[in-house]
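What follows is a set of structures for review.
Look for subunit A in each of the two complexes below; its partner is subunit B in the first and subunit C in the second.
After this line comes the complex of A and B, so read on.
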């Protein structure tokens, strides 16, 4: 380093003070970096443009190919697939675009066409490329590979995917969850048994969506996971019991009304209310006063859904003077019960607010 | 010059040099962290289209709060644009902050509004609410308009917080333009983090000269005017380099007031927006983070680098100066209010890194630069300038400033490449060349004036008139 510095500064006039030499050195360095970056920006732009052109060409080719493959009767499938594979799947970009395009078609098609696309994927030997990605070990290529496998319902040995259920990266975990769900013929949530990290809300939304939109088999009995060690899995299962109207599981939900975890209690009240369990209010109204604000809100919601004004009145003495959020909810429910007395109720609320009652 | 003065001069020169070098080092680190963060973000989001999730009914409802003050010119179109946001469940709360123009009348007429008796509680004290309006037309059932006495942006937002229904609030400027999936992207950190997320923010982009139709950006164009174009570069630096880096180390102190999402309960617990500062957006986030830290509750703050929100930046020097003057006062006020956090290890990254950085390199930098110029004039007066040294030093600083802008441009090119036409790159490079000598001195001076105004006790925002975002081709026609 010292030598390099010495060699560079040797080009500067000798009469220059050391500070000037340092300045000049920095100018050179910054200029070189700037020129390098501008060059890189231009390279990126050109490379992106070339890539986009190639992408577009491949996409156009694929649209023709896929349409002919799917909808033309006199299309010589075996020969054309072989030709396409040898002529148009040579570079990683061509392969990536082809995978993406097949996934896109697959997303928009159902029934026989979707199955034909899954077969085409295998015939083009794209699964090898995806499995190769899976072996690479980078979390983002792994997530992408699992995504492709699950979208096309291509099954691989469960042992290859299972370790990713507890990967430190959310995205990898999510894709492996969806993989098991989408390839399952029955028991789509079996992967929950091997899940050791909490489910994020985002993952729960995805799982529910996939259950409703992709999974074809019989609805699972969600009560199986009510004793799961993860709270998030228990909450998810309680919610799903309600969403899938599994009334037979109501007795199994009741103990959760006394669960020590607030979020689980709340989920249980919500689920039982959705299932219109008529005994619910008798179980939750007596404990109203001891509950947290969020549970109290949930109880009020249940009164609105299942109760009468008499049930609501029972709560009134238990509302603390400063529980404004609850009071507002209370008065709004009262308005719901007596739509003709809205003004009166509003005045009552304003009066209480003014008096700090 | 006396020997003592000479010695003082020597020491001062060294101090300026050391300070400048630390700033440069800070920028280099921030660039490195941002690069890693952007790379990771791209990897996380490049294989799956999440738009399909917008059809899900399981996404939590959001309350979008938009304060409006004398926005009569465009309020109807702006609200229409907000009502078309692509998200399954949301309410729009427009808070008319005592406008003296016809904003409210226009809204009442266009959206068939009528007063409704809504129950709410003022968790955060605000100026008096005159009325809460809802539409008779079911097509606008998501819209609530609150009419209140003028109290400033912070007060208007606090009113919205008191009245809105949902637990997630998105505070935006009424005239900003949102991308189709903006809400979904902004809410994702709240739903996909194992820790409690208290806020998330996005990148703000410059909408000047862009082609806009029905409240959506149709074509991204580089602003015609230099003053707006240079702010494009500035926003690249601030968002793609600065905030991305702070997000990487969980040290973000600012979510732009133009577009940010918050957990309402935490906002209320923290006391809402501070009406006594002009930097209410920064102050709120710092206060929320401080509160969580003091309670010892694990939490995080999300940041989304996608271009989600487009806004109009000042196109006149006068307005720009007012804006920067205000930003300086806001920063100084926030740092003063939370001075306890600076260099306080109890606050973790915030205490050790973020607040000291903001203090020394955001608030103090323009002042030191200004004193540097005075020092230069002093040396000039005493004939102490070695012009060769000055020339090389100035060129070194200038070339670093240019390099910094080019790095920001590279980040944009590497990440989202919004400015697609090749000529835009050259224009931005040209702008970066001129910025240090034309734009930067104005910004520095505005910051100095901001500090002077702060000492004088100025608390106002200053008028911020805008040209309005319309289709430039239509405008020409």
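After this line comes the complex of A and C, so read on.
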């Protein structure tokens, strides 16, 4: 170290004090570092601009190509596709932009045009690139690849996607769930059998949405997953039984009213109430006092929907003095049973004022 | 040649509509937002207007009210991602002639445009 320092400082005038030499050395070092850093930033910026220019050129080319492919009758599809594949799908950037643009078109179009785009994707052999992406380790590349497959309805061996159902990343799990849902001809929730990680709220919303909007087959019997080891899957199945009006599954829901998990009990009460199971109140009213606030609210909601004023009165003695939230809900429901009660109370108040009471 | 005003902010949808409607023999004008659409409308009348509802600066509903006030005879087609019944009902109550939800079929849209242009 001493030698290195000596060699470097040897270039400075000899009459300089050693402290001057050290200062000059540091100035030089920082100058070089700054020039290097600025150079690196400029290089990155230029590279990004070049990349963006190439991206834009490919996008413009694709917009024309896709519109001609979709809407021009005299477009020589076979020749043009082959030419495009050999001339404009050479680099990974060109391929990525092409996949993105086809997906964008596919998201916005339906009918014959959407089917034509699915065929075009395969004819350009972009599925091979997507399948290669599946093998890469980056979670975002994998999620994007699965999304492309599910959006375009491209079926691949289930074994290739199944491992991602239990991926540590939520997004990858979500895309693989949607893939199985979108390509399913029947039994769209079969993937739940292989699911080992809890379903997030968003995943449950996306699954429900995909069931409604993409899946074309018969509605599955959701009671199959009522004995699933994951609570979130059980809650989701209970909710779906109610959403799809599967009245035949009411007997299978009853045991969940006594489940040790509060969230499952709440979901069961909500589902049975939605299915208008009249016996529900006889089962939940006796346990009102022991329940948590959130379940008590759910019970009050059930009384409002299925019960009578007598059922509501049964609850009144069980409300603690400090349960303000529940009391407000109780009086709101009371008002629901007697819409004129508010006016009656007000009239009585005016009358009492008049009488000087 | 019929004059059509397309008011849309999604570049992909714009290009497809422009391509398809021009191919069908129409003179297509594009407005990327409500403000630009107002400029076009102040310059002259169109044979048909195709508009999105969610637009920057001036909303689709405001535009529809304006068009119905100034050019009550001009047919309007709404092209929107919304599938909510209330939004669709509101649009029809405001006087639009057709409502197409995205994703849309370009062939179907082309037919609906032709039908309305023939009527007007």
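We adopt the following convention: the second predicted complex is superposed on the first by the 289 of 357 C-alpha atoms of A that agree within 3 Å, B and C clash if a C-alpha of one lies under 4 Å from a C-alpha of the other, contacts with A are read in each partner's own complex, and residues count from 1 in each chain.
One rule holds in what follows: a residue touches a chain if its C-beta (ideal position, glycine included) is under 8 Å from a C-beta of that chain, and two chains touch if they have at least 3 such contacts.
Everything numeric here is computed off the predicted structure, so don't read it as measured data.
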Partner chain in contact with A:257 - subunit B first, subunit C second, else both or neither: neither
Partner touching more residues of subunit A, whether subunit B or subunit C: B
Partner chain(s) touched by A:67 [first = subunit B, second = subunit C, both, neither]: second
Which of subunit B and subunit C A:208 touches, first, second, both or neither: first
Touching partner for A:325 - first (subunit B), second (subunit C), both, neither: first
Touched partner set for A:17, first subunit B, second subunit C, both or neither: first
First (subunit B), second (subunit C), both or neither touched by A:108: second
Touching both subunit C and subunit B, counted on subunit A across the two superposed complexes: none
Sites on subunit A touched by subunit B in the complex: 16-17, 19-20, 23-24, 26-27, 30-31, 33-34, 37-38, 40-42, 44-45, 48, 139-140, 143-144, 147, 170-171, 197-198, 200-206, 208-209, 324-325, 327-328, 331-332, 342-343, 346, 349, 353
Contacting residues of subunit C [partner subunit A, same complex]: 10, 12-13, 15-16, 19-20, 23, 102-108
Subunit A to subunit C touching residues, read off their complex: 63, 67-68, 70-72, 101, 104-105, 107-114
Residue ranges of subunit B touching subunit A (in the complex, touch as defined): 43-44, 46-48, 52-53, 56, 58-59, 117, 119-121, 123, 188, 190-194, 386, 388-389, 392-393, 395-396, 399-400, 402-403, 406-407, 409-410, 413-414, 417, 422, 425, 429
